[in-house]
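Labels run A, B and C following the written order; every chain starts at residue 1.
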Amino acid sequence: MGLYIVRRLWHSVIVVFGVIVITFLIARVMGDPVALLLPPDASKEQRIAMTHELGLDKPLYVQLAVYVGQVVRGDFGKSFRYNQPVLRLVLEKFPATLYLTIVATIISIMISLPLGVISAVRRGTITDRIGMGLAVLGQSIPNFWAGIMLILLFAVKFRLFPPSGYAGWNAVILPAFTLALFFAAATARLTRSNVLDELDADYVRYARLKGVPERTVLLRHVIRNAFISILNMVALQFGLLLGGAVITEFIFSWPGIGRLSIDAIYGRDFPVVQATVIITASCFILINLFVDVVYMATDPRVKRG
Amino acid sequence: MKKGFLVVLVGMALLFACSLGYASKDEVVVCQGAEVNSLDPARHNSVTDENYAVQVFDSLYFFDANGIPQPRLALSHKVINDTTWEFKLRKGVKFHDGTVLTAKDVKFSIDRMIDPQVKALFGTFYSTIKEVTVVDDYTVRIITKSPDPILLNRLSLSGWILPADLVQKQGAETFFQKPIGTGPFKFVSWSRNDRMILEANQNYWGGAPKFKRLVIRPVPEIAARVAELQTGNADVISSVPPFLLGKLKEMPNVTVQPVLSGRTIFVYINTYGQDALKNKKVRQALNYAIDRKSIIDSILSGAGVPNAVAITKYHFGFDPTLKPYTYDPAKAKKLLAEAGYPNGFKVEFLSPSGRYVMDKEIAEAVAKMLNAIGVQTEFKVMEWGTLVQIYSGKKLKDLGFIGWGNTLSDADGTYGPYFGSAESPFSYYTTPALADKLNKARTTMDKKKRLAMYKQIQAEIFDEAPLIFLYQQVDNYVTSKELKGFQARGDEFLLFYKVSK
Amino acid sequence: MAGKNSTDNETRKAEQKIKFRMLIRRIPKIPAAIILLLFISSVSAQWIAPHDPTAQTLLDALKPPVWLKGGSASYILGTDALGRDVLSRIIYGSRVSVIVGFAGVLLSAFVGTLLGMIAGYSGGKIDSVIMRFTDMMLSMPYILIAMAIIAAIGPSLTNIIIALALCNWVGYTRIIRFESMKLSTAEFVDMAVISGSGRFRNLFVHILPNVLNTVLVLATLDVGKMIIFEAALSFLGLGVQPPTVTWGGLCADGRSNLSFGWWIATFPGIAIVMTCLAGNLIGDWLRDELDPRHQLRT
């Protein structure tokens, strides 16, 4: 067990390092930020001076080495546009995204678990078909369309929520639903699949043969066992949601790291792009590591895989 | 237990009601399409940034609604000789912390704009200034390197006066976390991408604003911005696409204010590329091929005015007697034949997407019109970040769609970068003679002489047609009916110190 | 009974042919019809579309669909702000959707399956390297990566397919690796190794045909995902650019007008949803068909 943790930790370190290098390279090929930073009237001398100031005139491998060295020490550099330390910027905006993601995950679980379980239990019936139909629908609707529709319906027509922004406790509801849409749908289908697997298992058949009431079978055994794989799924999604809030944050003017990264990509603000990707990826890796360890510890059936 | 529950319920209801966020009578909420980059004017490079600065700071001069610099912190100016200007400062102006504005603050602020250590992004506009001297507490002299007839315009652009002592004591980084100026609003707080909160300055030298709080919010999604206005959460929204205006005008609690913009839209012609584009007749043909009126009517829903020479009435030097190229495809074809291209030729035409109002749609229409006279257009739409690198890196092949705003309110603000010198990053056409003329006009102090020079230059540029001139934008600002006194401006500045609800 | 582990290739191939024919007969009708409609529309767009998709007519701008007040029979699904016919644009848009959907899936499936097979079959160091690389790609937020890639190389159709594939191949690798690992210990592979055939030959002759089922299921489920992804990129301004028409682009362009011209973005959205639904239903059906346990149940 201990050996497993050490091995996984070592893997995680390699992966994070790889992410740092890949992100650096992808950011750098995005083009030249100087043309976007300076007003169009700026002279050639000004452009050359700024390129030098940003350290962009050095060869690529030198820049990479410098960057990796900085990151390892916790320094993600300064934003080209805002002239502020990037780490501080990202940490300032992280709570907003975290808040949105947590609420979205809760909504997602509240919708998808019951939907998935009921569909599995009533497999093949009209309830199952409707449930899974809704799930597929949720995965197929472009989420920006859904987001704007939610604004038009619930903010403008029914005045129940603010159309955008961060103020007020109910401002998170519409963006959270938009974010949760796809993931609730995906989780519902996976839940159904997992519960079906459990329902087919031998011990369930045995319990039924013994005459244990269906509800007890369901609650005490099936759901509890499916729960672990569902937990795995939820953790995975949480990590994905952190990086997937980009469109939702844009539509709802939500001041999180998704907004920050979109502006950074349009503005070719490399340090910010790199930092958001690296930090989000690291969170994802950590969450996975944690879940894997818990999984290993609680479910002895799992082997290397 | 029950009482506690009731309290919680009432509390939640109150919170709910508060959060519905109706902008109250004491508060004006503005929703823009973009966010301020930084609270430090040295890091400003767009009018979005400046729309924060103009609330918190003042400058010596500032443009009025017609683009003419008017005295603000300066009472008057005197031109002592071609390169020396003397300014008398307004007395009794106080910064938000109570300290009095004096000449040393002016010297410090302008020095900062030209300081190579500070590297102000708008610093290029101040490069004509050699030095600033303090004559006495309320008199300042600015000495320019060569005669600079538009010094007042430069001072009106990002020439914000900072409190010298405070900035030097705290250091710029700390100071700009809670900046202090002499402007009509005091800075309260800013959360990036969320909102900026400003509070009325009751001691403002120009008269206290008529409401208590100004909130500036960046809302990038158009549908959300309009929704904010519809729900009463916002009082002013900018950058509304023309196709929504019809419906917005019908709404009872909404006012639409159109204003002629200083921004013009046109198409670059790379005269350093293929031979066809080096020929004046070809370029004129391209101009005759465009039906500007139909583009404005159908794609912009009327929100535009055909433009002759890439500058507008807001630019000093503008010649209103020049009429735009007419729509004459027959003449265009004839000119092409005369130039030796009876069967047309091929061009690559680049366009941004979402950078200017309906840009890619208009560019597509222009491409079709060019095709109609035989110029086979390869039409490519690109994201602005990629396109601006092509433009400023002199990598444009043939044609490129672009717009130009109104920074200096002077003809040189447009013609300088475009035709002033071959090295200028955004220049795709020039001749030594033209560059010479522009240089002369840039350094002639006599207004009448300058006007005459620019009249001649414009006639030449119109005839040479180095751009496909298209139109002048009409901006539409949408406000709630409650808002009184809001005057939309052609330079995209949003001013609030005369506004009430 | 000659089953999946039969070492007699001839018999297995004949059986598979019969199974395939029976499979086609059982395919769910409506989803298949939708996919067929999609193909027909994309191939014959210029003949079945009532209008030129890029023709702008001021007078007919913002006309609602024919069944609403103000609608007209010549614009069945209404027009957009520039007077362009929504139905024609959807029909032409199906072309790119087909290409993006299928090419994107093909490319991601190819890359992902190849890496998965190599990882699962080889084990050891190669497996480790591929797995770590997969973890890297999986942990990076795919939208940002796609945006950055397209910002770098430009939003042409080919580039978008490449970017989509680059972000999506990881979905195949893990699963295919798992399957390949199981297969690499199967009897018939052992026999092949003993009889001396090379490692790579083994990979393609023995492993690949047996993972193809899984790949097929995953790929079918992915088609809709690709189209949605392209829609997201169009929303961000980095999708396929005009004058090429795509469903994602239509949806994105029309989104500012959802309050006054809901049909402009909604009908393309419905087209996307129908295609995704069809893809998913067929994928689910395929998975059930190819699942060995399913055989037991029926």
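We take it that a residue touches a chain if its C-beta (ideal position, glycine included) is under 8 Å from a C-beta of that chain, and two chains touch if they have at least 3 such contacts.
All of these numbers come straight from a predicted model, not from anything done at the bench.
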item	value
Taking each chain's C-alpha mean as its centre, the one farthest from subunit A	B
Interface with more contacting C-beta pairs, comparing B-C to A-B	A-B
Chain occupying the middle, per Cα centroid	A
Whole-Å gap separating subunit A and subunit C, where each centre is the average of the chain's CA atoms	22
Centroid spacing, where centroids are CA-atom means, of subunit B and subunit C in whole angstrom	45
Euclidean distance of C-alpha centroids - subunit A vs subunit B, Å	38
Numbers and ranges of subunit A residues touching at least 2 other chains	30-31, 148, 152, 156, 265-266, 268
Junction residues of subunit C, two or more chains touched	151, 255, 258-259
Of all residues in subunit B, the ones touching two or more other chains	223, 227, 383, 385-386
Subunit B - residues contacting subunit C, complex	222-223, 226-227, 241, 243-244, 247, 294, 297-299, 353-354, 360-361, 364-365, 379-383, 385-386
Subunit C residues touching subunit B - in the complex, by the definition given at the top	54, 56-58, 61-62, 81-83, 150-151, 154-155, 237-238, 241-243, 255-260
Residues of subunit A defined as touching subunit C within the complex	11, 14-15, 18-19, 22-23, 26-27, 29-31, 133, 136-137, 139-145, 148-149, 152, 156, 200, 239-240, 242-244, 246-247, 261-262, 265-266, 268, 273, 276-277, 280-282, 284-285, 288, 305
Subunit B partner contacts - residues on subunit A that touch it in the complex	30-32, 35-44, 46-47, 49-50, 53, 81-84, 89, 92-93, 148, 151-152, 155-156, 159, 162-171, 250-256, 259-260, 263, 265-268
Subunit A-touching residues of subunit B, taken from the complex the two chains share	15-16, 18-21, 35, 37-38, 40, 43, 45-46, 119, 121-125, 127, 191-195, 217-221, 223-224, 227-228, 230-231, 233, 383-386, 388-389, 391-393, 404, 407, 413, 416-417, 423-426
